[in-house]
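Submitted below is the structure of interest, expressed as structure tokens.
A, B, C and D are the chain letters, set down in written order, and residue numbers restart from 1 in every chain.
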Amino acid sequence: MAGSTFGKIFQITTWGESHGSAIGVVVDGCPAGLPLKEEDIQVFLDRRKPGQSIYATPRKEDDAVEILSGVFEGKTTGCPISMLVRNTSMRSADYSEIADYYRPGHADYTFDAKYGFRDYRGGGRSSARETIGRVAAGAVASKILERLGIHLTAYTRSIGPVKIDPARFDPSQIRQNPFHMPDEQAAKLAADFLDGCRKNGDSAGGVVECIADGMIPGLGDPVFDKLSANLAKAICSIGAVKSFEIGDGIAVSRALGSENNDSFIPCEQGIKKATNHSGGLLGGISDGSRLLLRAGIKPTPSISHPQQTVTRDGQPIEVSVRGRHDPVVVPRAVVVVESMTAIVLADALLANMTARMDGVERFYARRS
Amino acid sequence: MAGSTFGKIFQITTWGESHGSAIGVVVDGCPAGLPLKEEDIQVFLDRRKPGQSIYATPRKEDDAVEILSGVFEGKTTGCPISMLVRNTSMRSADYSEIADYYRPGHADYTFDAKYGFRDYRGGGRSSARETIGRVAAGAVASKILERLGIHLTAYTRSIGPVKIDPARFDPSQIRQNPFHMPDEQAAKLAADFLDGCRKNGDSAGGVVECIADGMIPGLGDPVFDKLSANLAKAICSIGAVKSFEIGDGIAVSRALGSENNDSFIPCEQGIKKATNHSGGLLGGISDGSRLLLRAGIKPTPSISHPQQTVTRDGQPIEVSVRGRHDPVVVPRAVVVVESMTAIVLADALLANMTARMDGVERFYARRS
Amino acid sequence: MAGSTFGKIFQITTWGESHGSAIGVVVDGCPAGLPLKEEDIQVFLDRRKPGQSIYATPRKEDDAVEILSGVFEGKTTGCPISMLVRNTSMRSADYSEIADYYRPGHADYTFDAKYGFRDYRGGGRSSARETIGRVAAGAVASKILERLGIHLTAYTRSIGPVKIDPARFDPSQIRQNPFHMPDEQAAKLAADFLDGCRKNGDSAGGVVECIADGMIPGLGDPVFDKLSANLAKAICSIGAVKSFEIGDGIAVSRALGSENNDSFIPCEQGIKKATNHSGGLLGGISDGSRLLLRAGIKPTPSISHPQQTVTRDGQPIEVSVRGRHDPVVVPRAVVVVESMTAIVLADALLANMTARMDGVERFYARRS
Amino acid sequence: MAGSTFGKIFQITTWGESHGSAIGVVVDGCPAGLPLKEEDIQVFLDRRKPGQSIYATPRKEDDAVEILSGVFEGKTTGCPISMLVRNTSMRSADYSEIADYYRPGHADYTFDAKYGFRDYRGGGRSSARETIGRVAAGAVASKILERLGIHLTAYTRSIGPVKIDPARFDPSQIRQNPFHMPDEQAAKLAADFLDGCRKNGDSAGGVVECIADGMIPGLGDPVFDKLSANLAKAICSIGAVKSFEIGDGIAVSRALGSENNDSFIPCEQGIKKATNHSGGLLGGISDGSRLLLRAGIKPTPSISHPQQTVTRDGQPIEVSVRGRHDPVVVPRAVVVVESMTAIVLADALLANMTARMDGVERFYARRS
């Protein structure tokens, strides 16, 4: 059952393994006439590139994107946009030993259980490199959002026990520290914390937050295609994500109705909410206020710290995973979370155009 | 863009509004030959029925299900199973006044923003009655799971600040107290807490947990159709759900890799995990251990406590939502969370049959 | 794998068997604000009703439709429209004997082969009554088309060897003769021909043609969702259809390029085609000229003429199918072909709204 | 609305334009463990390669395929198989003049109408080169079919007025003459006929037939996913196809029921049909007998014969399409029809595994 395609109208299909010859994505359903060039994509890919600090894997990956189709004279044509990144830094030898045992916290065992064998090189399809396709597609989606005045900001909210302080929130910091934290002081504390992890051959997790400003009300559909439901799927489909929250998220379970309900108040544009506990949605449909979501990410499973596991033939062994691994994947996940959010929003924006008969009639009246 | 259909192989389509003449679901893709009778469905529907305690809306809803198609001589035929419940307890007059203003925390405003008008009677399509279709379909999915030895248990983990104590976990309690809590003492504390809420015209939220035992490894697909991603969508598509967790969930963001990784150890059946922080999945694919997920549910937005809001034409007013409402929806959401989990698992079980060529070859060899 | 859902945005799900308690359809994705009442649907259903002439089955079927959801105050709400028709003329006893053998030309054998058993009453899910759901949905789709100035006309082009004469084409005849032929003389010849068939316990096939005027250019997508491809699937999914043609259809295989190409010429609206061999499409996308398609329908397989077949346990027997059957299904298929065409066009109209970025930008600019 | 993805379980997504840098396909949902190498694909691509006779375009296209993902150690991994062919013979200059007018019979006008502009180089996405992705995917599908004993044969049934004679049917001829006709004499007559066309700057159409032997009964689903419906869509999505027939096809409209019904008779394997007018299907589900379908293909629209058309700004002009074009595309379409048929069958085979509960139970019993 496939599983590599996401979205209904703005629809992406990713492909590729960590150590195959290339990795990529096909974006189908992007409206025609959107200005797009490889640099637009590259900017996004560079944000997920490893090797940018001592807190990320020292692998050198150029990840230069090539647009193979769907763009003509600098604009999208309405036809599928195929984008490809060659894998250039493959050292398969690093992984040969893991062919024979199941790394704890990795998909080695489940791939074997499902498929009978696996491409063990660097995690194959379950590698974080799989997100290259998502990010390239997210760059395209973001171009659509920008033209409609919707702007996304994603950042690291916490690493291990170190959380950003809302009082020190500084968006300019996001791309200035290696953790993409909008709080300089928290970033320093995170660095100290991660130094400790690395010394112990250990790793850490954290939380990524993404907000969308300039939201258009009416996005998302009742019941199964609630915007929140599609965002939940998008975010939880990212490897290592173990929780998803929208608005106040997990905290609402302890709130009272009188605290949690957002009052409506009149405003210049007509109506707005006095607060935004709901994170920009009501009944799963965007209400025009800021969208806010959170992804909880587990610690990198590849640690040099010794662990118990078994070989493919069931023998117990102690392993210490070597190789070039991130002590924390959270900072690199920031652009992935942002990309998946952008993809869901672009899809919802297109879908919403067909929601009302008067909108349909005006659309076709204008053309004739 | 539709949005009322869920699943790929085991596919459900729900329909109906709170105060229309009926509400229902079409289940398509259910394998032929599954024994099924109306009582199987009714048992599930009765678990979500209101009017069962003072902590739930005193509306009397019979919610008697009728199977209209897809079953012949007591077995499913492989053709769509259409199930219908008549709405019998409709007092539309209760809702006439809410036609003109936007209830805080409800989808009134967003439906208007999206569609230009709305069926304001009892929330229309955004009413909790919409879950009748999900639960009826979940009953069918559960029959499939049972035959494969997979058993689901869902229960209330917390209501407001009152959480169950794992040390007192008693599954027999789940259907014995009105909160479906597997901890008698917590249920009593929850009753006290909710009494306070009701006195203040307020409401509470909570957390529902669902576990699946007897899991088959290999369910779910890499990338976008990870079992965790599809569960996230399923759960977050339920009205009032604001967070989703799998396994240790939100807590993993603060854990170390060495704590969070589950070691593999040999066992009689071959191999198992020593712990289960991951909640039964690795790389989004089931690993055979217990599946565990959590849904964070917001407080009921309908409260008699006075609230600020605006009318449809933008005038500020103070409202106090009257009508027959649950002070907490969490207990009634238990069977909905279980149903959506069952639907995702049934779909994944069917999809997984096509994952391996040797499985395909054996399947067709046997038939010839 | 389901199979009872059709369409991407305007999406329908049908359910029900010939002799179950009811039959119906859920239409999801219909834009909000479309005026709709049960009479709109009933008019379409009445066109497929049997018992209207001696050339159709004498079964009396009221086929009164009930709209159960998705309509409020006379307009669609954007939520799923569930429609139901009770089966009132069920005489299951008529069919008891066919439980044990495979009727030639019917789906008895293939249902058993696929599902292991079947609902043998009146063909179950493979009965022509299954089209009730299609026609009800087609009535909704037609309402959308009408508002955009697109008008469909379907009729019988031929019955057995009797073909309409384009020189005598008279649309007013379509609903005046029992064969829905736009040619009075051909209708008389068809009556004679069918009288002969009936005397011999035999049956006939024919061709249904459907045209759409007022077409909007740009409908359909390149590659797999060509308008022609989706129409082909829609039409060939109707039971008894064995061929599909668009424009000149099968005849183009013998034409020369210089004959078959349609020249473009200037016109008041800008540009039009001098001829329309292509049937209103180029590259699978509508070109604004008249859409024309044809469905070739096989003779009714239920004949009293003796036939050889086998029982479920493989014993040869001679059978003569009794019961109330149409000697020709072509006239009743006319409204089904029109309905499926309407559904495909409505879906394509909605999908096309997202094709261009300037259209998307104008759409959202207008709303703010 | 996308439109570049086809299939539900065995799902393909094609991309690329005639004169972009490359063209390709992603095959998702192929079972793991299928032996696959680039030569398997190349064999299929070579069958559609132009430049093989004077009756096909003299363009030299190497069309060397590269498998970029989804295959490890010579076997499919269950992950998406990305295949790419570089466009090496691009002479965009040939097409610069057609940027300004609408070629009759081509998609130039409809692409402009839909998208506002178009990639005019060689037809862009509507070029016959788009079929490279289909054929590469068809090669994979065929490997699956072969392992289950299903064998496809496609060939040219007619070119213009020249039809093969069933009495002279010789499958060994199919790959021996440039028209892929299984009748040596017909091939010679076709050559004569096409010589005449070429002299007049004209072109011809024809019919491609595809048969499948070794069919498994039970493939396809009732209602919308009838095997015949999915085949109709698959075939009619191929550019230039204007008709689709299954079994006796268009001829059934003139047959009597007593002629057209296929009797069942006992046989060694249990049961078979005495004749096969239905083309291997009953009720849209395969019955185990030979599948037979036909695609009617229009004459190549690019002809040097002078034609009337208009420029993009509506001025009438006379044009004579130059460039390297096939006088007939039928022979090159043979492998495309076969590929699309293979893709539909592979998808149906996988989908059918979930049709019966006893099959599901046996499948999972075997694994435990």
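Keep in mind that, in the parts below, a residue touches a chain if its C-beta (ideal position, glycine included) is under 8 Å from a C-beta of that chain, and two chains touch if they have at least 3 such contacts.
Model, not experiment: these values are computed from the prediction.
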Most remote chain w.r.t. Subunit C, using mean C-alpha positions, is A
Higher C-beta contact count, B-D or C-D? C-D
Rounded to the nearest Å, the gap separating the Cα centres of subunit B and subunit D is 44
Would you mind pulling out the distance in Å between where the CA atoms of subunit A average out and where those of subunit D do? 38
For the pair subunit C and subunit D, the C-alpha centroid-to-centroid distance in angstrom is 26
Hunt down the residues of subunit B that sit against at least two other chains at once, touch-wise. 1-5, 8-9, 14, 29, 32-33, 78-79, 114-116, 125, 222, 351, 354-356, 358
Where on subunit D does subunit A make contact in their complex? 1-5, 8-9, 11, 13-17, 20-24, 26, 28-29, 32-33, 66, 68-70, 72-73, 75, 77-82, 84, 114-119, 121, 124-125
Which of the residues in subunit D come into contact with subunit B in the complex? 8-9, 29, 31-34, 76, 78-79, 144, 147-148, 216, 222, 349-351, 353-364, 366-368
Where on subunit D does subunit C make contact in their complex? 1-6, 8-9, 14, 102, 104-111, 113-116, 125-126, 130, 158, 160-161, 197, 200, 202-207, 217-218, 221-226, 228-237, 239, 241-250, 252-266, 270-271, 274, 278-279, 281-288, 296-303, 305, 307-310, 314-316, 351-352, 354-356, 358
